[in-house]
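One chain, subunit A, links the two complexes that follow: it is found with subunit B in the first and with subunit C in the second.
Moving on, here comes the complex of A and B:
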């Protein structure tokens, strides 16, 4: 049986659907209601909150903490100032992606890393022989992601000591809520305005109660993993084991991918000196990576055209993200050639388009060009005209403002 | 003159010197840096090459020839008696260089075993003959496959415990104990454990026919052998820097570019070749955080766990042992190991972090073949003891030194009752001392145990068994590389050959 998170006493009674998932060994609501819609629209139009306590959390502390992380990840951690948060991938010695996560710089010699997969041994191995202590604090802290356009207004009601108007995107501040110390980072997995709140586990319920009481007036609703998986695709954010396979999970080399292939070239700093995987990554950069992560869009007219053939309206709405990968081709129905695959795809209720995160052969991955995405229309495989578009699909100004 | 050179060799042990010699001979300018000084006076009036081993039986003829050691004055002493084993019941067993004499001595204990001994020796000879060429090659996985698939007898003998193979052949405890004493050299576990079968073969490779393991001494002491190696290397233009530790290896872009010495001096080189242990090389000289984590983890997981202590005694006269009938019986190894069970019980103590009340003792009298090491009429006894675990349970070597020395002396008193009164000086070297004074990680004689999982292409770690390392331009040439420890000279000569091949020279 999965474990309850520190918020379980609060989330369980609200989980009307009784649909739970196992997230890293914790019981985690998939959806609170039988339909995803209210949760989904709450995030985009009001505010939503999700219990993200199952994330793994590591404290990296000591005089060599910066150096240890800098050799481990692909970004230049020397440029991460106290109070800043860096999203970064990290690789193994082949340059392929081992994982990715957020790193919060709490003090000059104190970082906290949050990851989806356990990473203690890897971090310990990376820091062996350095003056640094690496501690798994996963159970010490409970965490909530408060996301959506109203999230700042709600948070302002909760904490007086922190100026949220000046807390910039990917920055961290310490807030006091109900006399509880809460670390607040302006981060999230939704691509919207949002915050993540980190609190010692024993204060979890008090934080939840206060947040929900204040949030009611702002349309705040709890949401589960199903909806998270929808909004994160709209936000163009990768999911481990779905959009890329971590090196330690890959069964064959072909399943691995490096950050350049995964659209994370902006997060690889070759100038900072040695880091794990630098050499093969540099070689790949010079050769030109074989694959590229892109966004694909199928517009409504095209969907109507496909379903018109069987006298139906497009049967894509009311569906959530599919993680069933599908092939992407070029060359139309005759002489078609597979150029890659879409790994996460859904009809975005907000954008009214079918969108997909896809990995394509680099020569076929040019922005604006047209490719064919395989879709299923009444049991038949058909090719939908899809356009390669800039990621993220949804990028509201309020995310950074 | 610039101190830069083509190759820096770290460590002037046998393997470092042999590699330096071969590289210089191929035209490289070579500098050898050694942390230790010349052999000091061990006691007033007594000299001994302490770090050095006492038996040169494993040293291969190819190495002797390549360095021209005989021409440089090295003379080997091959006493008629190779091993003498006094027994608790006052009797003794003696093995000789000539097998008929060994058989005669065995017959006084067991006619059954005397009848089998020549056939056993021949069997071991056949197996080591199969093994031998593989020890001279750069190992590959294919080679391991060839051995595993093509040599079932070798696999059978190498893969079981020494107790097993000895029980296949013999019945007598005194004989089996004496033979088993060779099977645990440098190992953490006893003769009932795997790896002892292989070590037994390893110690018999290069042996002559008499029945004890490869054994011979150097006239004038082991220091003479080392000096001859230095002379040979310098004859090829090798430069030597003694009493200078390498503080770390210089890296640029994942490649070794030279070394920094303890005094801060920097020396640049095209290649750095280390005869220090792999753990010392990678963790102290390269630093773990300059290695990719998976390789680092492998080095961290390497097994060292030294179990050998040494007690050196200066005595005013030759000892007399029980069961001894003539003086010549003390010319070779004097082995206190009356049965495989005795040895296993000694190993049991070590396994649980203690040293045993009844240890294995392997004694040689250095002054037999090197009388000049001591004042006339006085002698130096080299006593190798097992099992002295590197990590003591609930105690430390600082606390236990005196107790260990006492245990050794008490054991000795049972077999050489008068010896204690003749002791002039004594010095104990624990596994911790080996580490701190000789750079032997965890006091492991063989620079990492010679368990089958750390042998051949898996020495020092899987994936890096060809002397090269993940650090570009950094090679290993010491006992931590194939084929391993013991004074064979093979890691050094194999490494040099592989380096030159890699350079395309």
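Moving on, here comes the complex of A and C:
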């Protein structure tokens, strides 16, 4: 059986649906209620909290910590100031993505990396011979992501010592909640205003209790992985093993992608000096990457048209993100040509559109152009007209304000 | 100096705004004139008690056409539809029935009373789905011109559509249109609280009881909604129904429409049978090629146009137009969380709706009393804690309760609504207390709108919430008058677009949209 997280005694009684998933070997609620609707809307209209303790966490400490990370990841870690958080991918020697994660700079010589997959050996190998120690602190810290428009108001009630109005997007501060020290980062996987709270595992329950007591007045609800997977697509955020495959899991080369292909060009800094995968990435940059990550949108009129053919109204709601990849074509029904695939797709209850993260051949990936997305309507494969749109699909001003 | 507009819309209710949005999107220069200080009409949210936002009148959304949402890009302009998924029916004797999105939990809740009914519930839902699917056509088509030679196509299309409807569905539909909700529901169900809970849809806003023929039609009208393709879903719009109006207004403005509030229209500028503009109560005159009224027939024809020059059969029908309200709205500002006797403590039921005094016999008694010009002290309330659906409706930890109260007739036998308004408020609180023992001490403010107040505030003549009773004699070809059912009026350049036009009331935007399409089509001739 998967392990309980430090919050399990609190999340279990609330998980009315008994619908659990296995997240890195931990019991993790898929959704709390029998319908995901309220959890989903809590994130977008009030506040939601998810237990993210199963993330892997590594402390990278020492005089060479900055140098070690700088040659490991694609972003320029010298620019990451103390109290700042960087999202970054990192690659192997071929320039293909090994993984991605957030890096918090706690002190000049102290970083904490959070990732979805184990990364100790990789980091140790990357830091070989350097004056740096890498410690797996995954179980030492429990973590919660508090997300949604009311998350700041809630957090303000919890901690008085930290000025949350000045804590900017992707910044970190140390807060005291109930005499417990909590590291607060303004980060999350929802594309909304939100914070992540990192606390020593023995204080997890106390933090949860306090948060829930205060949060209730602001419409706070706990949420599970199901709706997280919905909102992260709206936010245009990639999921490893879904939207891209890590090099260490790719069986053939064709399964790999580099950051330029995955829409992460902004996170690759060629000017900072040598880093793993720089050369092939630079070559790819000059050649122009073969693939591009794009957002696809199928509007309501098109959905109506597809289902009207079988005398139904569009059957798209009450479904969660599908990770079943589907082909994307151009050229319509006759003479169609596959130009890529959509890897995560769903009907967004907020945007009222069918949206998809897709990887397309670069020449076909022009913003605004029309492609055909394969959809299934009553057992039949049909082509839906989809438009290539700017990512993220949903980007509220409050996220950064 | 007067600018000349292509179109002036009288009234910024949601239909006026919808019509304005479509016309402006088509490139017309549009001016909307609204009597009140804010847009929305029957779809407004107002901060009456500081910190508490009330959905002054309407409170839930279902009927809003997906075309309107998407054509006018309402999501971009802020429309958010929040879940409001559960219903708690409460009977005076302590019985209760909790219906929720989960199929088997609802099955078990009904099965406590009757396993037969619990099974029938699925069959009923499926049959209603078919009926809605068949009738949906009417939500997107203007009533046909009955002169076959003049306009055969509309009648042919309608006949074709009817011809494709499954016969069992068609017969069920005919039943529904003609018999009472109670008779209709009794074909499926035996449990009183379930039948009565479902029958409430057949009473909403109308002066009918579950046993009155015609309540079936009201039930059908309230079932005609769909959200994201799912029939019969009801949701709470972020910010209350004012949120819908604001999104519509913003959309209309984004297409170039101009909206003026505090601008009541006194009458039309007429030149014989031709309408050329409007005169505001301030005396200001504004001209336009087309004038569109979103108001009741009484306002549209008798007040704004004036009887002169109108066909007498129209005038007679408008004078007899039944729009006497029977519903009131009470909003409560609460200092904390109400505790239901039937479902104590916290839970998902707080984020849904509840009904009080649910039983067929109770409803009949309430109706009888209302029929004779009075109201009962133990009322039927269709209530909800809307601040659970949208916490922004109230300060943190505090709440707003909406109470839609039926069988409070426009015509009182004794006294006036001005004299008896607080008495109604007290009766509502007394009723609530029976089911929610802690309610009284939580109340920090209240707003009471009787049918008279609804009439006064937004000129809904008679106070009927749909700008006219939903009854067969006032629907489709007969709405708002036999022979005058389209969106055109007998006066040149004068149109109607409100709930008193087909396909009638509720927050649908359908009359507003269809009227705009008619105006644009006429303009192309």
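One rule holds in what follows: the second predicted complex is superposed on the first by the 401 of 401 C-alpha atoms of A that agree within 3 Å, B and C clash if a C-alpha of one lies under 4 Å from a C-alpha of the other, contacts with A are read in each partner's own complex, and residues count from 1 in each chain.
Criterion: a contact is a pair of C-beta atoms (placed from the backbone, for glycine too) under 8 Å apart; a residue touches a chain by one contact, two chains touch by 3 or more.
Since this is a predicted model, take the numbers as computed values, not measurements.
Undergrad: Please work out whether A:350 is in contact with subunit B alone, subunit C alone, both, or neither, and reply first, second, both or neither.
TA: Second partner only, subunit C.
Undergrad: Is A:280 in contact with subunit B, with subunit C, with both, or with neither (first, second, both, neither)?
TA: Neither subunit B nor subunit C is touched by A:280.
Undergrad: In the superposed arrangement, which partner chain does A:118 touch: subunit B (first), subunit C (second), both, or neither?
TA: Neither subunit B nor subunit C is touched by A:118.
Undergrad: Based on the superposed arrangement, let me know which partner A:396 touches: subunit B (first), subunit C (second), both, or neither?
TA: The answer is neither, since A:396 touches no partner chain.
Undergrad: Output check: A:128 vs subunit B and subunit C. Expected answer is one of first, second, both, neither. What do you get?
TA: First partner only.
Undergrad: Given the touch rule stated above, what does A:68 touch, subunit B (first), subunit C (second), both, or neither?
TA: In the superposition, A:68 touches subunit B alone.
Undergrad: Counting contacts the way the document defines them, which residues of subunit A are shared by the two interfaces, the one with subunit B and the one with subunit C?
TA: none
Undergrad: In their complex, what parts of subunit A are in touch with subunit C?
TA: 33-35, 37-38, 41, 44-46, 150, 153, 216-219, 299-301, 303-304, 307, 311, 313-318, 347, 349-352
Undergrad: If you look only at subunit C, which of its residues touch subunit A in the complex?
TA: 66, 69-70, 75, 80-83, 85, 100-102, 105, 133, 226-231, 238, 348, 351, 388, 390-392, 396-397
Undergrad: Quick one: which bits of subunit B touch subunit A in the complex? Just the residue numbers, please.
TA: So the residues of subunit B in touch with subunit A come to 253-254, 283, 287-290, 292-297, 300.
Undergrad: Quick one: in the complex, what on subunit A touches subunit B?
TA: Result: residues 67-68, 71, 92-93, 122, 125-130, 274, 276, 279 of subunit A touch subunit B.
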